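What follows is a set of structures to go through.
In the two complexes below, chain A is the common chain; its partner is chain B in one and chain C in the other.
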Partner chain A sequence: MSTKVLIVDDEVEFASTLAERLALRNYDVKAVYNAEDAITTAQSDPPDVVLLDLRMPGIGGLEVLKTLKKFDPTIEVILVTGQPETEGADEGIPTGLFDYIMKPVDMGELIVKINNADQKRNLSKHS
Partner chain B sequence: MKIRDKLILGFSLYILLATIFVFFSYREIRTITTRLAYVEVVDDITNDVLEVRRNEKNFFLVRNEESLKGIKEYLSALKKDINGIKVEIIKAIETDNYITMKKAITEYEYYVDNLANNFESQEKLTVMIRTAGKQIEDRLSGKELNEFLILRKYEKNIMLYKDQKLYEAFKSLKPLNLEGNKEIEKYRILVHNLYEIYKDDKDSEDKSRLKAREIQSVAEELSKKEREYISLTLKRMAKLPLFGLLAIIVLGAIISIQFSVNIATPIKRLEEITKKIAMGDFSETIEVKGKDEIASLGRSFNQMEKRILDSKSALQNAVEVAVATCNEKQAQLIATEKLAILGLFAAGVAHEINNPLAIINEKAGLMKDILEMSEDFKHKTKFLNLLEAIFESINRCRTVTHRILGFARKTEVSIEILDVNDIIKGATVFLEKEILYKNIRLDLDLRENLPEVRSDKGQLQQVFLNILKNAIDAVDNGGLVAVNTDLKDETMVKVSIKDNGHGISGENLKHIFEPFFTTKGKGKGTGIGLSITYGIVKNLGGNILLESEDNKGTTFIVEIPINSELTKGQVA
Partner chain C sequence: MEYEELINSQLSFIGKVLSVFSHDINNHLAILKESAGLIGDLIEFGKTSSRKELKEILKITQSIKNQIELTTYFCDKLNGFGHGMEKPLSAFNIHECIEELIVLLSRFINQKMICLEKDFTVNMPLIYSNPLKIQFLMFCLVEKHLKRLDRNSRIIIKTMYANDSIGITIIPKGNLIEADDELICSDELYKHIIKQLGGNVSQKTADETTIILPVSLSSDRYVR
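Here is the complex of A and B:
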């Protein structure tokens, strides 16, 4: 069973293209373009790994992260951010953020991070 | 001499002068008083002398007892007066005069005694002669009587005129009839004796008159002298007030001039200079002369002026330094501000670019994915190469945007106790490959026992990494990079990083810390490193300085506070 990945980013072109590329690499990918859709989709069809943009109109990425973790703590979230290093991530770690990656994304690095996150989710699901 | 002393001296001189004046006046009055007493004495003497002479004159004229008594009476009064004269009067009327007078009086007295004796004898003899004549006349008669009467006629004339010729005639008369008459012989002897007394009396009279004249002349001389003396004294006394007044006026004038020269003029001068100083003119000073209060005041004034001038110039210097410092700080502030604005602007730009860049990256990535899955076609390799070129450009862009964003974002400082030497050693490890590749000599001169600093490890690492990287880029193959750590002062650690590379020209030095400014070739540098370095060092409370000469190399000096003012968690 392939890893379910949910991409949450208001930048449609970015999110859709990334989704397509991950799909080509045999991931079960969905892309949504706002926070509300992200929560609805995750609740109806829970993903293994969420690629989350922090800066979004509406309730914002951090709120999404908190809601998802409350709904299912085993869902791993990787922050995909335009800002470097730990901004946002520092705030995210206490709420269960797994990792972060900078835009523009290096595909190899992203794949490693998704796989790591998936492994962690599998471990926590079965323990 | 002090002014107070001068005033006292001037006043004392005045008093002294007045005292001298009064003293002399008093002395002159005393002299006159004394002299007046002398004049009285001398007048008494003169009076006595005149009385003696008057009686003497009478005596010589009438030969009576009364005149003789008068002479004796006044002579004794004269003697009494003369003997009663006090020693100081004797001295005043001159001792010689006194002695002369006394001697003359004694001699005169002798002659007067003679005269008195003679007068007595004459009286007796006259009576005796007359009695004898009468008796003889009674006894004689005739021729004898006639002859005798001739004798008696002579006798009367002799008594009347006391003339020598008459006596010679009397003597030569030889009355023949009376020769041998004892009584007549006796009578003739009596007349002879009388004549002898006359002779002697005449002598005494002449001599006494002479002496009396002498005494009178001395007395008159004395009287005259005393009067002259008093007259002279009075004349002198009349001049005294005139001279005294003149002396007081002259002394007053001298004292006034002295006062003016020594006090008023210097004070006027002081006033002038004070006014000038008040107007800001410090060009003149007081000329100090002497040792009095004015001179002391002048010296103090000059000192004060110098102190004011010194303070003024010190103040000017301090103000100049303060203004220069202020200008420098302002320039630094403006530069920092400028850099901050530039940073913010750059961050905005970077952020805006970053999103489309991410899209380009994904689109190109998808193209590559698809191409790689596609079967071979004519330009497949070329497309893949083109895509690689796109990725390369994207990566360059990403480096730029990430660094800009890293510089501009709010940075949380994490304070730890750090050894700067360790951080530098750590930074060099990252650059080993490049150092080896360019065959660069890296000299580390790290001071032992360098105090540890309280600062952010990651940020300091980035600082030294950036600067070292810059230095390595600046030198040619086989170049030299020297790092030295030391204490700047008690509060700062100083790190200097020196290279012998190309150096930075003066114009470029001005812009070296601005973002996007680079001297490296196209595609080699982003122009972000040093502006980030600058921001971090300032953020940590330190300083970064740059010394560089074209073609001679560059020295970066980083100063790090030992006790960073930033505490953990503080957001800069």
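Here is the complex of A and C:
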């Protein structure tokens, strides 16, 4: 079964293009463009891995991370960020962040991180 | 006013503009990289044989062009911002000066989900002053409202011209929230900048502030 990936980024073009590229690689991908839709989508159709933008208008990425982990602690979240040291990616680690990746994204690196996150999710679900 | 405080605040302001700008450019580059990557993927995965698939590629190349245009627009604004720092006094269009600041800080403003509206007069002459100080002043006036206004609020920037002076009024519209973030600019600081620019400030209500600046600031009136 394909890994279910949810992309959450207010940059519509970035999220939708990345979704298309991941879909070509046989991931089951959805893209949403704000925090509210991310939470609703994750609750109605829980993803395995979430690629989450940190800085979004309104509810920020770290808030989404907390909500998702409260809803399902096995969902793995990878932050997609511009400047991790100044944007609080490190602050996200204690609340259950799996990893982060810098924008512009390196597809090879992203695939490795998604697969690692999915593997961890599978282990958590079956333990 | 301590000289060091003035310099530090202005550096914080410039730092804010640069970090917001570079974040924006980084986002455009990320989109460009994904778009170019998608074209490569479509070729690699053999999805370029039908007319429909070729149309998809044309759509992506158009998106690349749009992103490059947007990036160029942002870079032009930063270029203007940089030139504004080269000399203490120069002749410039105040509306373009404000617009430049709004564009450079657009990500910061959008994050707050606050709408910045311009109500610019049509008969504004060129002014002779210090563009960076005016932008810093505008930032000081807008920053506190950005921190204290609730989502979906508005900040109106209104300009007027009369008697060889220009007026810039900042009008916040919306609900107030508690803000514990520190401001880059203190009230004392922005009043000091107005004095440096040979102007004065008037407060119609607790929140609505108007600054009056001379159209032409002679170098002997310019307080360094």
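What we mean here is this: the second predicted complex is superposed on the first by the 123 of 127 C-alpha atoms of A that agree within 3 Å, B and C clash if a C-alpha of one lies under 4 Å from a C-alpha of the other, contacts with A are read in each partner's own complex, and residues count from 1 in each chain.
Here is the rule we go by: contacts are C-beta pairs under 8 Å (C-beta built on N, C-alpha and C of every residue); 3 or more make two chains touch, one makes a residue touch a chain.
Treat the numbers as computed from the prediction; the structure is a model and nothing was measured.
In this superposed model built on chain A, chain B and chain C take up the same space, so to speak, and clash.
By the touch criterion stated above, A:Gly82 is placed in contact with chain B and with chain C alike.
In the superposition on chain A, contact of A:Thr17 is made with both chain B and chain C. With both structures placed on the common chain, the touch criterion links A:Gly58 to chain C but leaves chain B unconnected. Of the two partner chains, chain B and chain C are each touched by A:Val105.
When the two complexes are superposed on chain A, the residues of chain A that touch both chain B and chain C are 11, 13-14, 17-18, 20-21, 24, 82-83, 103-105, 107. On the chain A side of its complex with chain B, the touching residues are 11, 13-14, 17-18, 20-21, 24-25, 82-85, 87, 90, 102-105, 107. Per the touch definition, chain A reaches chain C in the complex via residues 11, 13-14, 17-18, 20-21, 24, 55-58, 82-83, 86, 103-105, 107.
Taken together, the chain C residues at the contact with chain A in this complex read 19, 22-23, 26-27, 29-35, 37-38, 41-42, 45, 47, 60, 63, 67, 110-113, 151.
Within the complex formed with chain A, the chain B residues making contact are 351, 354-355, 357-363, 365-366, 369-370, 373, 394, 397-398, 402, 405-406, 409-410, 412.
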